Amino acid sequence: MDPVFLAIQLLNGIQQGLLLFLIASGLTLIFGVMGVINLAHGAFYMLGAYAAFSLTEMTGDLLLAILLGIPLALALGWVFERVFFRWLYEREHLEQVLLTYGLILIIDESRSVIWGNDPHGVPVPDWLDFSIPLTETLSYPVYRLAVSVVCLALAGAMAYVLGRTRLGMRIRAGEADRETVAALGVDIGTLYAVLFAAGIGLAAFGGMLAAPIESVFPGMGEQVLIISFVVVVIGGIGSVKGAFLAALAIGLVDVFGQVFLPQFASVVVYGLMAAVLIWRPAGLFGRG
Amino acid sequence: MNGITRRGVLKGMGAAGAVAAASTLPAPYVRAATPIKAGILLPYSGTYSRLGEAITNGFMLNLGKSGDMLGGRPVELVRLDSEAKPPLGPSNATKLINGEKVDVLVGPVHSGVAMGMAKIAREEEALTIIPNAGADQLTGVLCAPNIFRSSFSNWQASYPMGKVLADRGTKRVALIYWNYAAGKQAAQGFKDGFADGDGEIVTEIGVPFPEVEFQAALTQVAEVNPDAVYVFFSGGGAVKFVKDWAAAGLKDKIALHGPGFLTEGVTDAQGEAAEGIETAMHYADTLDNPENKAFRAAYADRFGKNPDVFAVQGYDAGALLRVGVEAVQGDMDARGDLYAALSAADFASPRGRFRLSAAHNPIQDFYLRQVENGVNVVKGIAVAQLADPAKGCKLA
Amino acid sequence: MRLISHPAVLLTLTAVLLACASVPFWGGTYELKVATRILCFALFVLSIDLLIGFGGMVTFGQAAFFGLGAYALFFLSPEYEAGSILVAGLGAMALGALAALLTGLVVVRTKGVYFIMVTLAFAQMGFALFHDTDIANGSDGAFVFVKPALTVAGVTLIDFESRTDLHFTVLAVVVIALAKLVVLIRSPFGEALQGVKTDDRRMRALGYNPYLIRLAAFTMAGALAGLAGFLFASIDGYVSPELLGWQLSGQGIVMAVLGGLGSLGGAVFGAASLVLLEEVLKDQSLVGGFIAEHWHIPLGLIIVGIVLAFRGGIAGALSRLGGTLGGMGGGRP
Amino acid sequence: MSLRISGLTKRFGGLTAVSDVSVTVEEGTIHAVIGPNGAGKTTLLNMLAGDLVPSAGSVAWRDEDITKLSASARVGRGIGRTYQRTALFTDKTVIMNVAMGELAETGGWRFLRPALDRPGLRGKALAALDRVGLAGMAEARAGVLSHGARRRVELAMVLIADPALLLLDEPLAGLGPDESRQVIEVIRALAPAHTVVLIEHDMDAIFSLSHALTVMDDGRMIATGTPKDVREDPAVRAAYLGEGPSVWGEEVP
């Protein structure tokens, strides 16, 4: 393969991985701190994308839509935490799986009632709507690069909060239990609600950013959910750093799998997961 | 979904009239009081529900032409959500055929569901009209006297564009498709059409279904730099591919083609990116024939929106049923005559002339279309009166 | 352990199975197929109950083995003549067991939420394999044109082409599986499995090898799910990749919990109630057009309600009806 | 013939929980390990049982190096343990809990008959329960037992397999005076047929039971020897000065 195109494929893989990280990080955070496995994570990603679609139609600009959409997503996450998820912290994983499975059905079908089942495109803001020519034939859309930059910035912000603040370190160490958190002067119920809202916010934000790239269609949440699981499992549950590396690895494996092993592209991704698990059953940076 | 809520909605005023007239009419008409039950197995939830709705509307529109009566009997619809889930195909078909005892089965959209449904329809020998699912086998190795299709086969939908490019003398073509059964059949159809020329297929890229991340595939295509690319994606995937294609700067450098589904019903979502794309299909909104004009006006009038190809396929499923039922004067038990009449159907559809091959797949014109200002404009006939080769069908 | 020995559970189970047995005498094709389907799902749910209810392994990928069993019917059926029930059935069990053993080597090393995600991911791998490649006709699925039969010395004893033959065979398999599982659960192995579920460190200290015990249970459940898939595919003679998909795994869990985990009898109740519930929710003439069209919403609400309010499932409720406290603890995994 | 612990060390990241402990426990004796909370006693016991892998040092039992053996392999060498927190199978009956210990010799690889139908098993389990005074509760579910009863079931679970070496982690914790007395007599009767290593806080019990003592503080072993020697050890006195006489069960001179 031509080295230029190899480099472009590398870029494709990294870009794909960064967006995946954004979505998977919310999943791993919610599990890492609250011990809740949230199957409905992909559904919130889908809601984010649909919200971006409707709000862009209303305001005429994706940026405005995202600025409006984020508080909405956080509020939605907060409401879901208070109504459904807070009953789950002390429950078995099985019950979490079931409840969130039920939520997928409800959210997805409500989407059908509210938005219908048509696919929709979401326009890129005008000032980002151009491409950089890379070769004679191929250009790279600037919006994709912008999304990568935003994902990197968020990853940096997360690394700072988790690595440099006292609360963050406790969260990272998996010690955010009632007593230690109370010692920092924080109410655990509030903390959980805020963190859960943040996790949902990340999923929905991922959906909003992805809306112009992926377009908006029913069933987009499921695909993302399962691949996010693979990311979280490879990275180690609760580890944001692990999710980051795993997402990049998945992005690259997926891209080069399509290039070199087209028949088995999707099997290769799961193969990577199996290999990592044989080597480290708790994932790259998992505890226990 | 105006107008359909429960079964039996079609039992209208016509039914009452028919009952009054029954006693004075010849034998077959004595059944007039009992409705013909049509089981509609279509997706009403999930990704394909838009198609399910359009097909149902088209079907009802056709029946409405005769006051919801066929062959002197009222028609009753029994709708069942197929969910587009193949494992449910057989059980849903059983429910309609054996549970509801329908006289005719109409459905489905999804090829996998169709395969399961066809299995039961063959076993139970139930009259079945497929208004969309394009799996080649349904009118190929699995063809049956009681199974008819009012839409297309996957092979048939992709052959014409291959032929057009071959005739134009296009030299180097790349294929990109979802790597699943329908995608592969489409690729085969294109190759068969393209084989008439002296061009070559320079690369074939299968994207895992239903993944919509195309950047890797686009980069591969750019590296190969062919004269034209033929793609098979539909729905959300079609929207996304066309937009990505434009964003990658390939739009004005490499010609993009596909079966009609690439730009059917999704040009609004694709916007500017779809402009100029050439596709071939057995229908186009702008077809200039009286049937199409009447159909579009009536559809818009009744359902408050514009019809698409799926509505046409539903409409023609109704037309096909009409031909059969009228030939046997409502006697649905006269299987031999019923099937013979259906097989011989030859009528003017909004898509043009409609008749069936020996394998019960439509023989139809395929139109070359190009997107102009968001509309698929007819540029001519790509291949006239094309029939599916019906590989392995013993009816042929 | 509540098991099925609780009088109220046992009575209800007998009633449900008798009802299933009676269907061929009054029902048409449709009713008969629904009943056979319920019994096949009951077998499938038994395999899930063995893992979740008794082994504490919350699997979200059991459909992979169910689907493999179904495909085994396709692989082991000659195109134009009847295959052997024995060969195909045992082949399906062997395929399910082998796949479970191989993935189990990796999977049972993981616990808790890892286990859930990893079983799901492996199942999706199986789904992708059948969906994307031409092993068995890809995404369109494949037909089995002639269903298998059991022929001994030239005499056909059981022919799956006959719906009643198939139905009674499945019924017999369910009864046998229930009986075998009751024995298994009370055997030293069953006690060890439940011990591993409660506290695997303790089990290690007592001298057991929890890894091997889990792996053995996972393999057995794979075989059982494979058998269920084989019988399910025999109903209509059609297999598709979705039989390995995560939705079916999810449905299996819902059935298991709805029926009541760790009770074996609950598998039958769960399968019957969910299948019948779906039939009702999808019927426009019963629930109206809007709900029939969006029946996932009431189904989702019911599932959420079960989690938040109705613990222990149907079997749990029955054993409480019976007035014993013995069943209270078993409803939780 | 003895249990020889040499240089045993366990580090968790930066924390050294057990540091260079070397003790020899003579067979047929009862050896107590004492020390304040967090001294590393349970960590030491976990390494002896095979639940934790030592960072350094070795464990030898009857002249065989067992440092690398898994917990279940050690059971095969006649080593059994109890836990500080009761770890019963709460869903099972009391007798089934006790039987689990004995069934371990099959590894669980028997599938066809009910577990308790194994020849002789029920009798052995009842005998073990009888030793801890719980034969009457055999058919009750373990989950409904009182804390004291659970501790005794725990002991019975180990006793049924008749291990040569018993590792008991605070067997008297939470017991009432009557229950304590009963369990003390059970443990006392174990020697000299069995060897016992136990962690305990009840000093009266320790001095009345044990033949030898090891004192730990902050991960290190600060003294080992007969109860008399230990009591007079200046290092022990220094370390425990603050804890006063009540700890030692006698007046400080």
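Here the chain labels run A, B, C and D in written order, and each chain numbers its own residues starting at 1.
Heads up, the rule we're going with is that a contact is a pair of C-beta atoms (placed from the backbone, for glycine too) under 8 Å apart; a residue touches a chain by one contact, two chains touch by 3 or more.
The shown structure was predicted, so the numbers you read here are calculated from the model rather than taken from an experiment.
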**Report entry** Common touching chains of chain B and chain A
**Finding:** C
**Report entry** Identifier of the chain whose CA centre is least distant from the whole-structure CA centre
**Finding:** C
Query raised in the report: Which one of the chains is farthest from chain B, going by Cα centres?
Result: D
**Report entry** Whole-Å gap separating chain A and chain C, where each centre is the average of the chain's CA atoms
**Finding:** 32
Query - Inter-centroid spacing, chain D versus chain A (mean Cα positions, whole Å) - result: 48
**Report entry** Between chain B and chain C, centroid-to-centroid distance (C-alpha), Å
**Finding:** 36
Query raised in the report: Where the centres are mean C-alpha positions, what is the separation of chain B from chain D, in Å?
Result: 75
Query raised in the report: Mind pulling the chain C residues that touch 2 or more other chains?
Result: 128, 132, 294, 296
Query raised in the report: Which residues belonging to chain A are in contact with no fewer than two other chains?
Result: 109, 112, 263, 265-266
Requested in this report: Give me the residues of chain B that touch two or more other chains.
Outcome: 45, 179, 206, 208
Report summary line: One finds touching chains in the pairs A-B, A-C, B-C, C-D
Query raised in the report: Mind pulling up the chain A residues that touch chain C in the complex?
Result: 31, 35, 37, 84, 87, 91-95, 97-99, 101-106, 108-110, 112-113, 226, 229-230, 232-233, 237, 263-267, 270-271, 273-274, 277-278, 281-283, 286, 288
Report task. State the interface residues of chain D toward chain C in the complex, per the touch definition above. Result -> 49-51, 70-72, 75-76, 80-81, 83, 87, 89-92, 96, 99-101, 103-115, 118, 141, 143, 157, 161
Query raised in the report: For the complex, which residues does chain A have touching chain B?
Result: 1-2, 5, 8-9, 12-13, 15-16, 109, 112, 116-121, 123, 131, 133, 135-141, 143-144, 212-220, 223, 254-256, 258-259, 262-263, 265-266
**Report entry** chain C-touching residues of chain B, taken from the complex the two chains share
**Finding:** 1, 4-7, 44-45, 79-81, 85-87, 89-91, 94-95, 97-99, 111-112, 115-116, 119-120, 124, 135, 137, 142, 179-182, 184, 206, 208-209
Query raised in the report: Touching chain D in the complex: which residues of chain C?
Result: 1, 183-184, 186-195, 198-199, 201-209, 212-213, 326, 329-330
